[in-house]
Each structure stands twice: as C-alpha cells, then as structure tokens.
Amino acid sequence: MSKYESIKQSAYNANMQLPKLGLVIFTFGNVSAADRAEGVFAIKPSGVPYEELSPEKMVIVDFDGKTVEGKLRPSSDTKTHAVLYKHWEKIGGIVHTHSTYATSWAQSQRDIPIFGTTHADHNTVDIPCAPPMSDKMIQGDYEYETGFQIMNCLQERSLSYEEIEMILVGNHAPFTWGKTPEKAVYNSAVLESVAHMALLTEQINPKAPRLKDALIKKHFERKHGPDSYYGQS
Amino acid sequence: MSKYESIKQSAYNANMQLPKLGLVIFTFGNVSAADRAEGVFAIKPSGVPYEELSPEKMVIVDFDGKTVEGKLRPSSDTKTHAVLYKHWEKIGGIVHTHSTYATSWAQSQRDIPIFGTTHADHNTVDIPCAPPMSDKMIQGDYEYETGFQIMNCLQERSLSYEEIEMILVGNHAPFTWGKTPEKAVYNSAVLESVAHMALLTEQINPKAPRLKDALIKKHFERKHGPDSYYGQS
Amino acid sequence: MSKYESIKQSAYNANMQLPKLGLVIFTFGNVSAADRAEGVFAIKPSGVPYEELSPEKMVIVDFDGKTVEGKLRPSSDTKTHAVLYKHWEKIGGIVHTHSTYATSWAQSQRDIPIFGTTHADHNTVDIPCAPPMSDKMIQGDYEYETGFQIMNCLQERSLSYEEIEMILVGNHAPFTWGKTPEKAVYNSAVLESVAHMALLTEQINPKAPRLKDALIKKHFERKHGPDSYYGQS
Amino acid sequence: MSKYESIKQSAYNANMQLPKLGLVIFTFGNVSAADRAEGVFAIKPSGVPYEELSPEKMVIVDFDGKTVEGKLRPSSDTKTHAVLYKHWEKIGGIVHTHSTYATSWAQSQRDIPIFGTTHADHNTVDIPCAPPMSDKMIQGDYEYETGFQIMNCLQERSLSYEEIEMILVGNHAPFTWGKTPEKAVYNSAVLESVAHMALLTEQINPKAPRLKDALIKKHFERKHGPDSYYGQS
C-alpha cells in the first residue's frame, strides 16, 4: 500500500465533485491534494474521463513537478500546481476548471466586481483577472510560468494567497485553492456562482454600484474575522 | 422528546426543499418555522451542509433571538428571523436564500417590475428592493437591523406583510415569508422565477410596459380575492 | 368505471410531462385531452401539485365549460380550453404553461421572429403574440375571453389553427394545441426552445435577418408537406 | 446477424449520448457511424424518439445515400452525412444537432470568435459559419447540397476537415465530425460549451480581444502537436 493513499483518496474525492457541481464536462478540470510532510501532491491523470477515475490512478508529483509515483501521465497543468504549492506553504489543495461563467470573465479580461454580500462573504476585493501572459512566457515553460503569472498578479495588488483563494487567468480560466482540496473545490463553485451573478447584475443595471465598504467588512468578518459567528467552530 | 418536535421537523423539511428547488448551493440559505403558542421558532444551524442536516439539529430560538434549545449555533441570520416573527404576528415561516436571479436584482438595487400575470398571480406591486443599510446600522447589530430595514421598506411603501410576502435587501439577497414554512419556500421559488423572467423581458424588449391595472387586479383576485376560483378551497 | 377513462389517463400522462420537460414549477400549467365523440375534455384540477395528481383526479368538462364529472374544481383556465375546443373542431389537446422563455416573450409583447430551421420545421411564420386584452374583456368572463383573444389574433393574421399550433398571449403566457395532448405538449417544448434561441440570436447579432423564404418553405414541407420525408409515416 | 452489427451498436451508443449531454430534445439530432471497409454508415432512423431507439433500428446507408439495410426510413439529413463521408476519407462519425447556443450562433450568421484556451484546445481558428444556401441549392437536392455548402465553406477558408471538426450552417444548426462517432459527439458538446462562453464573453466585455497567436499555438499543440503532452497516448 502506498504511503500516499490518503492524498490519492482525497484528490479522487475532490475531482469527482467537479462534474457533480456542474463545473466541468469531459476532462476540463483537475484537482490536486498536497501532503506537506512528504513534499508531494496527488493529481488527476491527464485526459482521463471522470467516470474512469479511481484513487489508484492519481499521480504523485513533487513540488518541482516531477512524478514520484503512478503509471499515468499527470494533468497537463501539473507544473502550475507544483509552483503554487512550492511558494504558498499553507495551501493543501488546488483546483483548475473551465467553468462557464468564471471562464467567460477570464476571456473578457476583466476583474469580477464585488457587487454583493455573496461575494463579500468570501472576498473583500474584486476577484482579480491576471493579464494574458507574455509571448516569451507562453513559448517557454508555459504551465510553470502560469503559476508565476498567478503569483505576480497577487503581488502587484498586494494580496496574499490567504486573503483571496481564487483568480482568473486572462484568456484562459480560473484557478482556486485552499487549506484542503475540499475547500478549493468549494471556492471553485462559489466563484462560478459569483461570476454568474456579477454578469446578471450588470445586465439588470449597467450602473450598479460596487458594494459599500461597511458591508464588505461586516460580511467578511462575520465569516472570517476573529469574532466570526458563522458556522460551528 | 422535545415539545418542539413538530417545528423541528417542519423546518427540516422546508430547508431540504431549497437545494431540490435549485435555490441554494452549499449552506447559502436558511428556513425557519415558528410555534406561535410557544413563542419560538426552529431554524437551520449555521454553516451545516444540507446533506448533514436532520430534524434534531434544528435550533430553537425565541423571538428576541435567544437560543432556547439545541447544541449547535443557529444560522447567522437568526436575528433577522426573530425580529420579523416578533413584529409580524401572522407569519409562520421565513426563508432567506442567495438564489441567482433574485440576488442579482438585489445587487442591482432595483425593484422587480410587474411585467406579467405570473407576477400578478402573487403580488399586485413591483417586488420591492430595500435600499442598502446605513453604515451605522451595519456596524451595529447587523442582522437585527436587517429585519428593521425590511419592515421600514414595506412601511414607506404602505405595504403590509400580508399583501406582499417577498422582498429584496439591496446588495444582499431575498427574504420571503408566509403563514407556513412551506408557503415561504414556495414564495422563494416564485420570486426566483419572476426575477428570471423580468430580466429576460427587458432583454427582449427594453421598452416592455408594466402590466395594466385591470390584469393585475384580475389575476390577483382569482387567486386571492374573496371570490377566488383558483385551487380547491 | 368512467366512460371517460381514456381521456383521463391521457390528460394525466400529458400533464406529468410538463415538469419532466422543465416547462412548469409547482402548479404553473395545465393540459387537457378531448373526447370529440362525447363532446367533453379531461383537464387538470386547479392548484393540485403534479406529484399529487392521478388519472382519477382529472375533471371532465363539456365544451361550454360545465363540469360533467369529478370531485375537484377544474383548472382556473378551463374556459379558455372549452372555447378553443368548441371552435376548433380538429384539435384533441391543449396546453398552457408559464415556461420561462416563451412567457418572457409574451411579457415583452413581441412576436417571436423566425430566425432558423428549428422554427421553420414547425411554423412558416413568426409565432404570434396576441395583444393584451381590453379592460372590458378582462373584467368580463376573463378566461372565456382569453379564448376569443387567441382566435381573433389568428383570424386577423389569416392564420388557421391547423397551420400554427402555438401562440403567446401578451403579458400572460403561451398556449399550444394539437391533434393529441402529446402533440400539444411537444409543441410547448418546441416553443420554449425556439423562444430561447430567438433571444440568444438577437443578443449575438442584433441585426440577425429573418429566415429566407426558400428555407422556410423547404423545412416546413420536408416535415409537413404532401411529399414530406421526415419521420416514418 | 448483420455484418453491420458493430456500426449499428456504435451509432446507437453515440445517438444516446446526445440527450444525456443536453444537446437535443425529442428527435432534434442524429449521429452516424461509418464502416470504411464496407463503404456504408449506420444512422438514426427519422423521427424516432431516443427512448425508443435500439441498435437494430439503425439504418445502413451507402455513401451515395442509398439504403442498404433496415426497415425504417433513415434520418432526413442522411444525404448530408453521405456526401461528407464520400469526400472526407478519414472521418468515421458525423453529428448534427440543434443545440441551443451553437444553433443561435448559426441563426446569427456569425463565426464564433476564438476568445480563450477552451476554444484553442480544439481549434486554431474561429469556428466557421457557412452562409445560408442559395435558393437554387435549397430548391434542389437540399440535404445533398448542405454537404457541399459545408465543404465549400472550408475550402474557401483553406481549412481541412482534419484541422477543424465542427461548423455552423447559417440559419440552420451545427454539424461536427471526427475519426469516430464518439469523437464527433465530443466535438458537439465542446462546440456548445465554446458557443455559450463566446456569447457571455461579449456580454461581459463587448471589446473583448481575440486570443493572441502565441496562446492559440501553445494550447493547440499541447493537445494535438507532434510533442503533445495532453492525455495518455
């Protein structure tokens, strides 16, 4: 039995949530689950349909993107996962999808404006859309550079990966992360819902104002602040 | 056996309808059921996913928002429910969701115009959108003040909570109510459908006129008037 | 055993298709099935949820709108069905829904333009939207007058009920019909799909042209003309 | 046992995927599967609902459109399939649907712009919309001419059927193809998703730019180039 059994199962479970939540068709997405003690993560194999997945098919990769265990080739987005795990020490899961509304915002190259409390319950800022990568980055080690594009975007906006757990990569699609793979999947579904409602909001009222600061602060703190009173813990 | 068994079961059943009707994902909503004789209501515990709910997990709270029975923390929106039950003596159920279309109208800070008979079957007026709350109200006892914001909005428009059983809170999301929790859930689904069709109506014809008075009166009365001939009673 | 067994079963089956096809929520629709030899039709009882329906609960009504058999009150739209059966001798089924896209076009008070072959496979003309009724008609025998509003609209456009089996009633919602209740339900689903695509077509290209005459003729005739070659009969 | 058993089963399986993927209602679509050695293809019978299909009901037709085996009349679009199989020697499956978003683009008579990597993973160019056919072609052997309209459109744009496996026929609806019927069905679902996101992208940002060349090249090559690293083979 592999010593990576636990993250394989965890990555498998989280991957199987994507089609159930309506976030992917076919093989358009992948989730990984990290084991910080071992310095590795389990990730979906490339191009394998969800109905053919099993925990054993997950591929174990280290934080430099090298395969450690597994017969199948890992997701083509593996290096993006690796570089984020390497630099962001407190995350345990990453999700990439091409979900309909979030991907459309990414294609539009616009940040998603904070219009309401659904957004504020999870983020205090607009959801950033990283600019499309330079030709040099694209022609180089593309997936590796995608990770840096994500990190650079947060840095330029003085945002920490612990404050915001989701981003759009311009022209491409969303990435989300979290302390666990389950949380990262949750963030992907929240992002899709927020992206859908932001478009509808602009359609209903092209002059809809952004959420006022007092509400942003209140909603975020009731879920995440030191005196939070949402949930059971 | 708790003397609140009946409202716990009723609140549980009504909460479980929300994901089935497509009105919530994860924990984005809550339903409560009141027992007027006991002066309490049963409400969903905070942050517990629907698939883990059971009747026993419902929390019993009085009309001042104090927990009377239950091991879990009640929904973070509990005080809004409490204040509405306290002031509106004839309601037996309240629902709060972040359903996609109704929430988008709330984010847009617009009333939903009465465009057709689907709307008129349930309301004779535009569905009101209460303005976002003042910073003072937000920084104070927020959820308690949300209840007052709802009541003030109806009062300013000279509407009774018996005439209209649904409202949008600006920048936030919808609340609905009714004589029973089932009716309040029904109202949330009707609101979502009406909100969807109102947006589509404006997209198909930006100059679409509001419904004429004679039709508003006819449709509302055939369902709700003294000579109503809809339904079996 | 009732001599109306057959139409009760037929009306029941057709009514149960509406929620399956996503055309109704709760009690927002009704189907009837006619027995021409007996001069009656079976129709859904008013306000009864689909999950509580059974063939025995269908109400038998004559073409003047009088209940002939059944313990429950018939649909509040019964008189509209009756007047259409009385005047249109070759129809065997009628459907009324508040389906999302068709109803939104009705609320917009616009005909649905013929943009493509999906539309032309079923109709050679724009799907008519009857104007909202006059106050006098609304305040009179409303549902009865709704039937006349539908008939008048077709007459003004020199359309026969055999050429076009669907209509929008302005500010209200769609009605469809056919030789059988199954065909009328089929027409409601086709109308909803055509209504959805017509809106999208205008959004993608506000100057999208109507379908050219040669294609209208070709597609309609391959399904319905004397030399039709669609289907098995 | 028919020597065409294998393609009948294959065509049946592929046809049954269409309603599961949400690409058709009723009988609005058809898939065929070719046997190159025998010079025939199996195709859905005309006007038969998906729930009544079985492998034996598939009709065997040669590349000139003549029925070789089968009691039912083949799909009314059979000649379009035949002409494409005859001229495109390397395809093994063809799909025609009236899926909502792709059909709306076809009705709009616009190519689908390449806005993101989801599109680029499958095509390096905008998805072409063939112009509506001339009246002469329509009045002639319509379905046969539809095949030529598709081939002419690719030829005018110097595109090979191996480079792009999907097209819109103006005013009508999409056709997709591939080496196998499964791949052709996959392409229909990808097209529908890309069509949906392209509309949303323009709604979010009417000035959204097309994807830059470096990204088009990178994404297509990682799936399809000589050094592709997507999938397991």
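In this document, chain identifiers A, B, C and D correspond to the written order of the chains, with residue numbering beginning at 1 in each.
In this section, a residue touches a chain if its C-beta (ideal position, glycine included) is under 8 Å from a C-beta of that chain, and two chains touch if they have at least 3 such contacts.
For clarity, every value in this text was computed on a predicted model and none was experimentally measured.
Copies chain A and chain D of the same chain sequence form an interface built mainly from non-equivalent positions, shared numbers / all numbers used being under half. Simply put, chain B must spin 90° to overlay its Cα atoms on chain C, rounded in steps of 5. Distance from chain A peaks, on a Cα-centroid basis, for C. Between chain C and chain D, the centres computed from C-alpha atoms are 33 Å apart. With centres set at the average Cα position, the gap from chain B to chain D is 46 Å. For chain B, residues touching at least two other chains, in rising order: 203.
Taken as a contact graph, the chains are arranged in a single closed ring, with each chain touching exactly two others. In this structure, the chains touch in the following pairs: A-B, A-D, B-C, C-D.
Put simply, chain C touches chain D in their complex at residues 21, 115-118, 186, 189-190, 193, 196-198, 200-201, 203-205, 208-209, 211-212, 214-215, 218, 222, 229-232.
Looking at the complex, you find that chain A touches chain D at residues 25-26, 28, 45-48, 72-73, 76, 98, 100-101, 103-110, 132-133, 135, 138-139, 142, 171-173, 199, 202-203.
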